[in-house]
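Think of it as A, B, C and D in the order they're written, each chain with its own count starting at 1.
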Amino acid sequence: MVNMAVQIGGLPLANPVMPASGTFGPELAQVFDLNRLGALVTKSVTPQYREGNPLPRLCETEAGVLNSIGIPGKGLDHFCVHAMAEWRRFAPPLVVSLSADSVAAFAEAAARLAGTPGVAAIEANISCPNLEEDGRAFAMHPHSAAAAIAAMRAACTLPLWAKLSPNTADIAAVARAVEEAGADAVVVANTILGLAIDIERMAPKLGAGMGGFSGPAFKPIALRLVWQCAQAVRIPVIGVGGIASAEDAVEFLMAGASAVQVGTASFVSPNAMLNVLDGLQAFCARRGFARVSDLTGLALPGRMRPAAE
Amino acid sequence: MHPVVEATARVVDSAPVGRRYHRLLLDAPELSAASRPGQFFHLLCRDGAGNGPYLRRPMSIWRCGPGRQLGFLLHVKGRGTAALAALRVGERLSLLGPLGQGFRLEPGWRRILIVVRGVGLATLAPLTEAAAAQGIAVQAVLSAQAPEDLMAAEFAGDSGAAITSVFDSDGSSAVPAVEAFLRARFEGADRPDAVFTCGSNRLFLLLQRLAAEYGIPGQIALEQQMGCGLGMCFCCVRQIRAPDGTVQNLRVCAEGPVFDLQAALAW
Amino acid sequence: MVNMAVQIGGLPLANPVMPASGTFGPELAQVFDLNRLGALVTKSVTPQYREGNPLPRLCETEAGVLNSIGIPGKGLDHFCVHAMAEWRRFAPPLVVSLSADSVAAFAEAAARLAGTPGVAAIEANISCPNLEEDGRAFAMHPHSAAAAIAAMRAACTLPLWAKLSPNTADIAAVARAVEEAGADAVVVANTILGLAIDIERMAPKLGAGMGGFSGPAFKPIALRLVWQCAQAVRIPVIGVGGIASAEDAVEFLMAGASAVQVGTASFVSPNAMLNVLDGLQAFCARRGFARVSDLTGLALPGRMRPAAE
Amino acid sequence: MHPVVEATARVVDSAPVGRRYHRLLLDAPELSAASRPGQFFHLLCRDGAGNGPYLRRPMSIWRCGPGRQLGFLLHVKGRGTAALAALRVGERLSLLGPLGQGFRLEPGWRRILIVVRGVGLATLAPLTEAAAAQGIAVQAVLSAQAPEDLMAAEFAGDSGAAITSVFDSDGSSAVPAVEAFLRARFEGADRPDAVFTCGSNRLFLLLQRLAAEYGIPGQIALEQQMGCGLGMCFCCVRQIRAPDGTVQNLRVCAEGPVFDLQAALAW
C-alpha cells in the first residue's frame, strides 16, 4: 500500500490531488465523490459583488483554453453565510481562494475567513490587479506580492498559500518574497496571459481581449515555474498548470511540488482528478515508492529538495 | 449513483438529415433512460481520425427514453460539429450528462403550444413525446426557410403533434402572419396551457409578448457557449430577469438551458 | 492580384513570410525554392566558436517542442567567409541573427557584419545570457536590451531588428526601450522557458535541464506579446511563435505584426512557409484586401495601428 | 526537381514480423526509385485515430528501388513507432525524404561483409541487394537473441547473401566467438573489400578494432534523436573523429547517418 498523505505547511491532506481555483465547484459532486480529493479549493472569492467580464469568457486553443471570466461572485458576506453552508457538507479540508484589489482588503477578508468555521486554509490569488499599483498584478513584483501576504499573515493564523503568476520576470524572487512574508506554501502557477483572434470578425475571441492561458499546452511553462520555485524556497510548492494525467502529476512532483491541482482538464474530463489520483498511486506501487511524498523533487539538480516536511 | 456520467458510447446510426442536419444515435441505454426533454449532453468532438477541438460541445437530447437509443440532431457549424458528423457507425463517442434543467410539464395541463425554428426543433422534439405520454395535446408551429428544410417527422416522432408549417419562401413565416395565427389559438377554444420555444430570437420575442398579453406561462431553451457544462466555470451565463425585476447572470448549463419565457432577455 | 510586399524599417520584402532563426538553413533548398520567401534568416551567429549544449537538445511536448541547442557554430569569421558564400546564392534579403555575451561584443560583431557584402539586416538575438549582468538575458530588462541595441546602432547603419524574449515582466517596456535605442523593428518573440521531465529516468528530458518552448502550443502567448508590442511602439513588429498555418499568420498580422516568421512548424512540415504564404494570399483575395499589409493591426483596440509604413 | 519531398503515401502492407518488428510497405514509386541504401525517411507518426507525437520519426529505408514498394521495418519502441505500427492498409502516411548520405559501394569491390544486430538489419538490408546488383558478393553475420528473432529473409531478400547466424541463446553471439569468426574471414581467401555495421555498440567496437588491424575500410550507420531531419536544427549531432584526429559534432541527418567506421565513436 502506498501512503498517499502529504503535509502542506502544517495542513495534513489525505492525498496530494486537488482542484484548481475557478475550475471547480460543488457541482462536480454530481459526477464523483468529492471526499476522495486531498482538498477542495473554491473559486476566488472577492470582498464585494462582481459582475464578471463580457462574453465570450472562454475560448479554446491548441490543447488549451484562454479565459477571462472576471471572477464574478456575490462577495464575501454571501460566501461566508451561504456558500460555506454547502461546502461544509464535504470532508476534505476546504481551501478558500481569496482575491482583492488592495493590501488592506486582502487583510480584512483574511480576518473574516479566519472567523468562519470550516475554512482550512486561504489561497491568496495575488495574480489579480492591484488598484494601488496602477492595476499591475500583486504577483508581478516581489514587493507587492510580499505586502499582500504580510498583511494577511498579520490578520489571521490560518495556513496561507500564495498563488503566484507566470507573468513576471523572476518567479523565484516572488516566491522568496512571499515565503519571507509568512506564506505557508506557494501555488505555482496561475494562468499566463495569452490572446486569440477571430480572423473573420477581426477581433479578439474573448470579450475582454487578452485572457489567461491554461491547459496541456501550458504545462511545460508551469512545470518550469515549479522547478524554479522549488529551488528558491523551503515551504511546499503546489504545482498547477496543464495537468491532465497521472504522468503529468508525477512530473510536477519530481520537479519539486508536494501536491498538485487540476484545472482545465476537468472541463474535458470531469473525472480527471480521480484518474490522476489512481494513476499516481499505481506509479508509486510500480516503481516501489512507499510514500507519494518520496517523489517530491526527485528530478531537481542534485535532488536538493527533501520530501515535503 | 451519480446523476451525471462521463461515458463512451457506440454510434449506431450517423446520417445526414435534410439539407443541413445530421443525426447521431448512440447505444447508451442507461443514459437514455435517465434523460429528460430539454436536458443536454456535453460531447467530446473527435472524428474517426482523432481530430477535433479541445473542449466539449453541448448538444440537446433529441431522442431518449427507456429502451430507446439516445439521439442527437445537429447542424454542422464549425470544427466540433463537423467532427461529430464525421463519426461512423461503430465508432465511439465520449459524452457527459445528462445535464441541465429540462422542460417542466405540469399535471393538469391539457394542451401545449410549441414554436420552433431551425435546430431548435431538436431541443423540443422530445417534449412532444413526453407530452403525448402524459395525455397532453401538442400543437406546434414549425418555421423554416422552405418546405425542404422542414423536418416535421424529425420533430414530432410518434407524438401525434398537430403541426402548422410556415416558410420564408412563401412569406407565411413573417412575424405578422405568425402573430395572427397565434392570437387565433390563444383566443380560441384550443387555448394552450403553456407555450414553449427555442431557436429563433424573432419568434421568441413574439411569443414572449403574446404570452404575457394572454397570461399564458411559457418556457424557452437558451444556448450559450460552454466550458465545463457543469456549472463550474461561469462562461455560459445569460442575463435573466428575476421575479423582482432585477437582471442577473445565470448559467445556461446549470440553471438552464430551460428558463421561464418571461424571464429571458432577447439576444 | 494581392500585393504581398511589405516594408520592414526601410527594408522592402517581396512578401511577409520568413523563417525563424535556428530552425532554418540552406538545406531547406532541397525541399523548395527558397527564393519564394520574403527574407532568409540565419541561425544565430556568435563571435566565437561554440560547441553547443549536451544532448538531448530537443524534446517534444503537447503541440510543441522544448529546445536547448546552445547556439553551436564556428564563429563570426567562419560565417562571414564560408557561410556567406553559400547564402549569397539566394535572392531574398539575408537577415543575419547575431548573438553575443556583452554589449561590446554585440557592437563589434555588428560592425563586422556591416562590412560583409550580402547582409541585408541584423536580427539581434538579445534573449541570450549577458555575462555582464550575471547571465540574465539582455532582453529581460529594458535597460540591458537598450544598451545592446544602442551599441549596435552606433556601430553600423544596417537595418537592425531586436528579437525580444517572453521571459520578462513587461515586454512593452522592453520594446519601447529598444525602439528608443534605435532598433528598426522588433521580432516578437523568442522561445519561453519551459521544462519536461522523463519520469522513468527522473531527470529533465533535455540534457541542459530547462529549454525554450515553441510551436503551436506557444502561439497564444506569442500572439499576446505581439499585440502588446504593437500598441507600445511605432516601428514594425515581426510576429513569431507557433505559426503553422495561414490562419495563424493572419492572427499575427491582425494583432499588429507587419511580417511573420515560421519556426518549429518547418520541422513537422518543411513546406509550412510556402503553405502560409499561399494561404495568406488566398485569405486576402477572398476577403478583398488588395495588400497584405492592410491586415496589420486590424484587431487592435480602436484599430490603432496603421498599415506598416 | 527538388531532391527531398514531403509527400503522403498509401499504406499497402502493414504487418507484424517476428516477435518484435513491424513491416510497412508504401505505394510511393517515385520516392522508392530515388532512394539509396542507408538513406532514411522522416515519418509523421499518426495512427488511424490521428493520435501520435508532434515530431516526425526517422526510419531507415528497408526496401526501395524502381518499380518496388517503399518499405520500412520497425521496432515498436514508444509513441511514434506504436502509431506507425497501428496504420492499416489503405491509410495514408506523410513522409519526408529520401534524406541523408547512404552507403558507398566502390567500383572494383568484389566482396563485402556485414555485421548486424537488431533493427540494424533494416538499415543494411537494401545494401545486400544493391551489392548483388553490382556483382559484389555479400557475407553477413546476423546476431540475435534467439533463432526466432533472426529475420534472415527480411535481411537478405533476393540478394543471395551468405548468412551466418549467431545467438545469445547458444552463446555463439559472444564477442570472442564473433571475433574468431571475423578473423578467419579477414585472414582467409574471402577477405572482404569493406565491412559494414549498424545496430550494436558491442559489435561496432569489435568490427572497428578488427577492421583497423586488418586495414579494411568500413562504414557504419548511426542513430540519433532528430528534429528537422534536414540539417537545420543541430539536435542530432554525434561526435565524429576528423582525419586530423580532432573530434567534431556532425549531424546524423545531414553528414550521416552513414559514417566512416573508424571515424565513429562508441556510444
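Note that contacts are C-beta pairs under 8 Å (C-beta built on N, C-alpha and C of every residue); 3 or more make two chains touch, one makes a residue touch a chain.
Note that the structure is predicted; figures quoted are calculated from it, not measured.
> From the centre of subunit A, which other chain's Cα mean sits the farthest off?
Following the centroid criterion, the farthest chain would be D.
> Centroid of subunit B to centroid of subunit D, CA atoms only: how many Å?
60
> Using mean CA coordinates as chain centres, what's the gap between subunit A and subunit D in Å?
Taking the mean C-alpha position of each chain, the two centres sit 50 Å apart.
> How big is the gap, in whole Å, between where the Cα atoms of subunit A centre and where those of subunit C centre?
34
> I need the residues of subunit A touching at least two other chains; which ones are they?
61-64
> Scan subunit D for residues touching two or more other chains and write them down.
There are none in subunit D.
> Line, ring, star, complete or other: which describes how these chains touch one another?
Graph shape, chains as nodes and touching pairs as edges: a ring.
> Can you work out from the touch definition every pair of chains that touches here?
A-B, A-C, B-D, C-D
> Which of the residues in subunit C come into contact with subunit A in the complex?
Where subunit C meets subunit A, its residues are 61-64, 66, 140-141, 167-169, 192-197, 199, 202-204, 209-210, 213, 216-221, 223-224, 227, 242, 247, 250-251, 254-255, 283, 298-299, 301.
> Quick one: in the complex, what on subunit C touches subunit D?
22-25, 27-33, 43, 51-52, 55-58, 60-65, 67, 69, 72, 215, 266-271
> Give the list of subunit D residues in touch with subunit C in this complex.
2-6, 44, 53-56, 94, 96, 224-225, 227-235, 237, 249, 254
> Can you check the complex and tell me which residues of subunit B touch subunit D?
46-51
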